[in-house]
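Heads up: the structure comes next, in C-alpha cells.
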C-alpha cells in the first residue's frame, strides 16, 4: 500500500485526492496547502492528516508525493521530495523556465528516484488506442498528425498573467501528445497566433488562439490548433494520417441521445471540461504510477518528457515572437 | 431506343417523365392524362406528343407504357397494354383489390409480355447494398429485420379516402422491401395500429401509425413501423440482424454540415420526401427496366412481386381488423 | 451511513458490493452466499463480515438488505427482510411466478418498508434523458416507442432452463423500460418469437429471438426486439417517435476512435455487456436507493413496478403460446 | 439558349460536356481538342461539331467558351475568347505564372467580357452551407478555419512534372476555399511540406504532403492540410471555429449502410474522387455561370478570384522554399 502525501488542495489536488483514495494499492496519508483550510477540508474528507509540505517530504512513512501546487513551486518540490527518497508524481508543467526545469532534471537524476509528470491525456483510452493502432501498423507509417484542443472558456485573466502563456500553459499538453503519438520530438516548430477571444488576454501580453506546425526529421508533419474558447464545450480531438489510412479520436459526448426535429438532428454536446472528459484518464494515470513504483518500472511519463514538452513550448513562443520557424535544437 | 408512352402526368408522372427523357436508351414519345392540360404541359416540356391512353396503347411505334395513373385504373391499363404487346412499367400498388390484381396477373401471363411494378426502393443504393451484403454472407443468416418508414406529413384526407388504407397505400412499399431483403414471403402477419397523427384520418376509417410483425417459415422475424408523420422529414431506415452482425441503412441527410453550439451538435435533417430521397432510385429503376426489356431478361421487380405485396397488405388489414395474426396463405 | 447486508456473492453481487463500498453514505457490512467461499472472498475484499442470510436479516445493526441471490429466493427474502424492518433493494425479476410476486407485494405493503427493484437501466443517463426530454415536451406527445435489446451472446443452457424464459428473464428489463418511458402500462401485448440462435435453447423449450408489440389505451404503440446474440456486442437502444420529433438513445462505443482505411470507416464496437455498459447506471441506482431511504422518499423503482413488468412478461408468454394478443388485464 | 464551345475533351472536359448538355439553358455546340479523336468522340456523343479552338472562338454563333485544356494554354485562350466577345468559363488554375495571370486579368478587363474560374468546390452544398451559416451569424465571428484536402492517390509523375507543384496544382482549390469562406485574403502565409507518399514526386522536385497556415489582418487564422494520398478515398472536409460555435463539413460516404460485426462498426468509404464527390457541384457551377451570363450578373467566381488563389500558391511556394512566412503583398 503506497502511502501518499498530496501537496496542493486546489481543484486539481481535489481530483487527485479522490483518485488516490479510490485506487487499490494507494492511500492518501497527508495533505498540505498554503491555504490551510483547503488542506484541512480535503484531509478530513479522506481521513488523512493535514501537514505542511516540508513535514510531508520529511516523513519517512510517506512513500510518494503528489505535487499539485502552483507551477512556480514544482521544481523545488520535485527536488526536495526526490532527495528525501520519495517517488514523485507532479502536475504539468515542470516549470515555466526551461533552464530551471533542466536543472531539476539533472538534480533528480542524481537521486535516482522516479518522477512522473501528469500528462493525463496519454491515459485517455481513445488517444492510447490511436498510438496502439499506429504501433500495430494498422495505418502504415505516420505522415500527418492534427491535434485539436479547445477549452470551453478562457480562465480568469489573473490566471493568464502567471500562466507562462498559451504555449507553456495550455499547448504543452498537446506538445506532449504529439511526442506520445509520434514517438519522437520534432526538428522545427512554427507558430502563429492571435488574441481573438478576450481582449483582456491580449492586454496582459498573451494570445488565446494559435496554430503550430511541427516538422520532423523524416519529413512528417504535425499541426496543433488551440483556442481558449469553444462555445460547445471541451473539444479534444486527434487525427493521424498514415500511409494506409486515417485514425481519428472524436469528442466524448455527454450522452448518446439524438433528437431529430424540424430544427435538425441534434446530439449532445461534448463533455464540458477536463475533469468530466479525463476522469478515466486521471484514474488510469495514477494506477500506472502506482504500478510502476511498486514494480520498480520506468515511469510511463518521465520528467524528461516534461522537459521536452516545455522545450517545445519555448520554441513555439520564440517562433511566435520572431515570426519564423525555430529549431528545437536551438532552445 | 425504347419509345415510351407515359400514362398519367401528375406528380409521380412528372418524375418519371424526367427520368425517361434523361435515360440513354429511352425516349418519351407520348403523354396522356385525364386532365388534358397536365398532359399537354408535360408533353411540351419533353417534345413528346399529347395523346389519349387508348391512342398510346394502340400505337405500334410505342414500345413501352409507363403507368402512373390513379390506382383504380392500373389493372385495366396493364392488361390492355400487354395485350397490345407493350412492355409495361406500372406504379405501385397493382390494385386495391387483391382478387382483381390476381386476375390481372393471370391475364398478363397469357400475353407473355414483361410487366414491372414500381417498387423504387429496391433500387436505393443503400438498401440494395444490404441485400448484397446479406447475400455475400457478411452477417451470416438473417434473423430479424426492421423497417422504419415514416412520411414527413400525412397526405390530404381526400387522398386517404381513396388510398385503400395505410397497409395497401403506404406499407405496401415496406412489405415489398421485406420480400426483397428476405428473399421470401412470410407465413404469418400480425398488425397493430392507431390513428394518432390526424383525427380526420380516423374519421374516414383509416389509421396513420402502425406496427406489423412478420413471421417466416424458418422462424425468422421482421417488423415494420409506419407513421404518416415525422416532424424531421422522411425517415427511411432498414436494420437487419444476422447471426454474425447487423446491417443498417441510415437516413440520407440534406448535407454533411455539423454545427456545434451551446445547443448541441446539430446535423442536417433527412432529405424531405420521396422525390428528394429516391431520385437516384427512380433513375436506377428505369435503367433496369430499359435494360431488361432490351435484353429480354426477367423484370427486376415482377407483377408477381406486386401481387405478393398486395396480399401482405390484405393480410395486415385483416389482422388489424380482427386483432389476431393472419396467415398469408389464407388471403 | 447506511449499513448494508448483501445476499448473494455471484457476478451481480460482486458488482453491487463494489458499488455499495464506493458510495458515500453506504457501507458494506455483511455478505452471504449459499456457496460460502464466494461470500468469504467478497466479504474479505471489502472488510465486511461473512454471515448467513438469516443472520444478516436478523441483525438489528443492518439497515438495508441488497438481494442478489437466485430468482427463486427473491420473494421469500424480500418478505423476511421487510418484516425484519429492513429497507430492501432486490435484483429483477421479483419472481418467476406472478401469483407469488403479487403475494409478496401484499406482504410487503403490510410492513410499510421500502423495496426497490433493480431495473438499473432506468438510471442510464441516455434513457433517463429521453424520458426527461419527452416530459419537457421536446418531441410532443409520444406515439411509437421502439426498444432494441440484444445480448452479445446467449447464456449457458443450464441458466436458460431455470430462467423463466426469455420474456421473464431478459425482456422484463425492456417491459420496465417501456413503463418508464411511457409512464403507463399497455392494454394489450402481442408476442412473436423463435429459436434462431442456439438450438439447445429450443430444446429446453425457450426462444432466443422475439418481437413484442404493446398497444396503449390511447392508441400509442411500442415494440420490443430481443435477441440473445449480437455478434458486435451488447445492443441497447431506444427510439421514441413523438408528434414533433424523434428521440434516439444510441449504443455506447468502447472508445471514440474512427479508423478509415481501404476497408471503410470503422468505429469501435458497443461496450461488451451489461457490466461495462451499465456500470454508471448501477452506481446511480444505488445512490438513488440510499438517498430515498435516508430521506424517506418513495423508491424510484418500486416493488409494484417489478410486479407490473412481470405481469407484462406473463402476458407476452401467453401471447406467444397462444399466437394471439393478450390483454394485460387478463393476466 | 447559350451555345457553348468546349475547348478540351479530356477527363474534365468530358465531365463538363455532360453537364452542359444536361443543363436547361445551355447547349453543347462544338468541341475541340489537340487530340482530334477525343474531340470527335465527345462531339458525336452530344450531337455537337468537332472544330478547332480557333474556329470555335471565331464563330459568332457561339456564345460562351468553356476552357478545359492544359493549364499552359489557359491565359491565351481566355484572352482570345474574351476578345472575340465570348463569355468564358475556365478550369483552374488561370496559369502557372502569376505574372502571366495578372496580364491576362488586365487584358480581359479591357474587353469587359465575363470570365469565371472553375473553383467547383464553392458550389458544393455543404461548403456553401458553411459560408451561409457564418454569414447568418450562427457561429459568431470566424476565428480559425481548417481545410482538410487529401486526394485518394497521387497522379502520375509525368503529370506532377508539369503541374506547377502541389501549391499551384492542388492546394489552389483550398486557397480559393479559404477566400470563399473567410471573405478576404490572408496577410501572411507560412508553408511546411515534405515528400512522404511517393519518392518519385520528390525526385522531380515536388512535395506530396503539406501544411500551410494563413494569418489574416484581424488576427484570425486558417490552416490547410494537403496530402496526395488517402487510402480510404477522397477526403474533403472543412471546419470553422467561430466565437459561438463550430461548423464542420464532413465527407460524403458512398452509401448510408453501417455494418456492425465482431470487427467493429463499419461505414462506407468516402466517395472516391472529385468526379463522384463534386458532380452536384459541377452542375451547380455551370448553372450559376449560365444564369450569370443570361442575367448579365457578376460571375460567382471571377478571374480576379483565380489570380488571388494563384498569388497565394506563389506565396506558399516561396514560404516553403525559404522556410519562413511570406506576406501576400510581397508576391
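List of remarks:
Order of writing sets the chain letters: A, B, C and D. Residues in each chain are counted from 1.
In this text, a contact is a pair of C-beta atoms (placed from the backbone, for glycine too) under 8 Å apart; a residue touches a chain by one contact, two chains touch by 3 or more.
The structure displayed is predicted, hence computed values, not measured ones.
The chain pair with more C-beta contacts between its two chains, of A-B and A-C, is A-C.
Among the other chains, A has the CA centre that is most remote from the centre of chain B. Chain A and chain C have Cα centroids separated by 40 Å. Averaging Cα coordinates per chain places chain A and chain B 58 Å apart. In chain B, 139, 230-232, 235, 244-246, 259-262, 268 are the positions where the chain touches two or more neighbouring chains simultaneously. Chain A contributes residues 139-141, 143-144, 146, 148, 150, 188, 190, 192-197, 209-211, 213, 215, 219-221, 223, 225, 227, 229-232, 235, 241-246, 323-325 to its touches with chain D in the complex. The touching residues of chain D, counted against chain C in their complex, run 230-233, 235, 253, 259-270. Within the complex formed with chain D, the residues of chain B that make contact are 22, 125-126, 129-130, 133, 138-139, 244-252, 254-262, 268.
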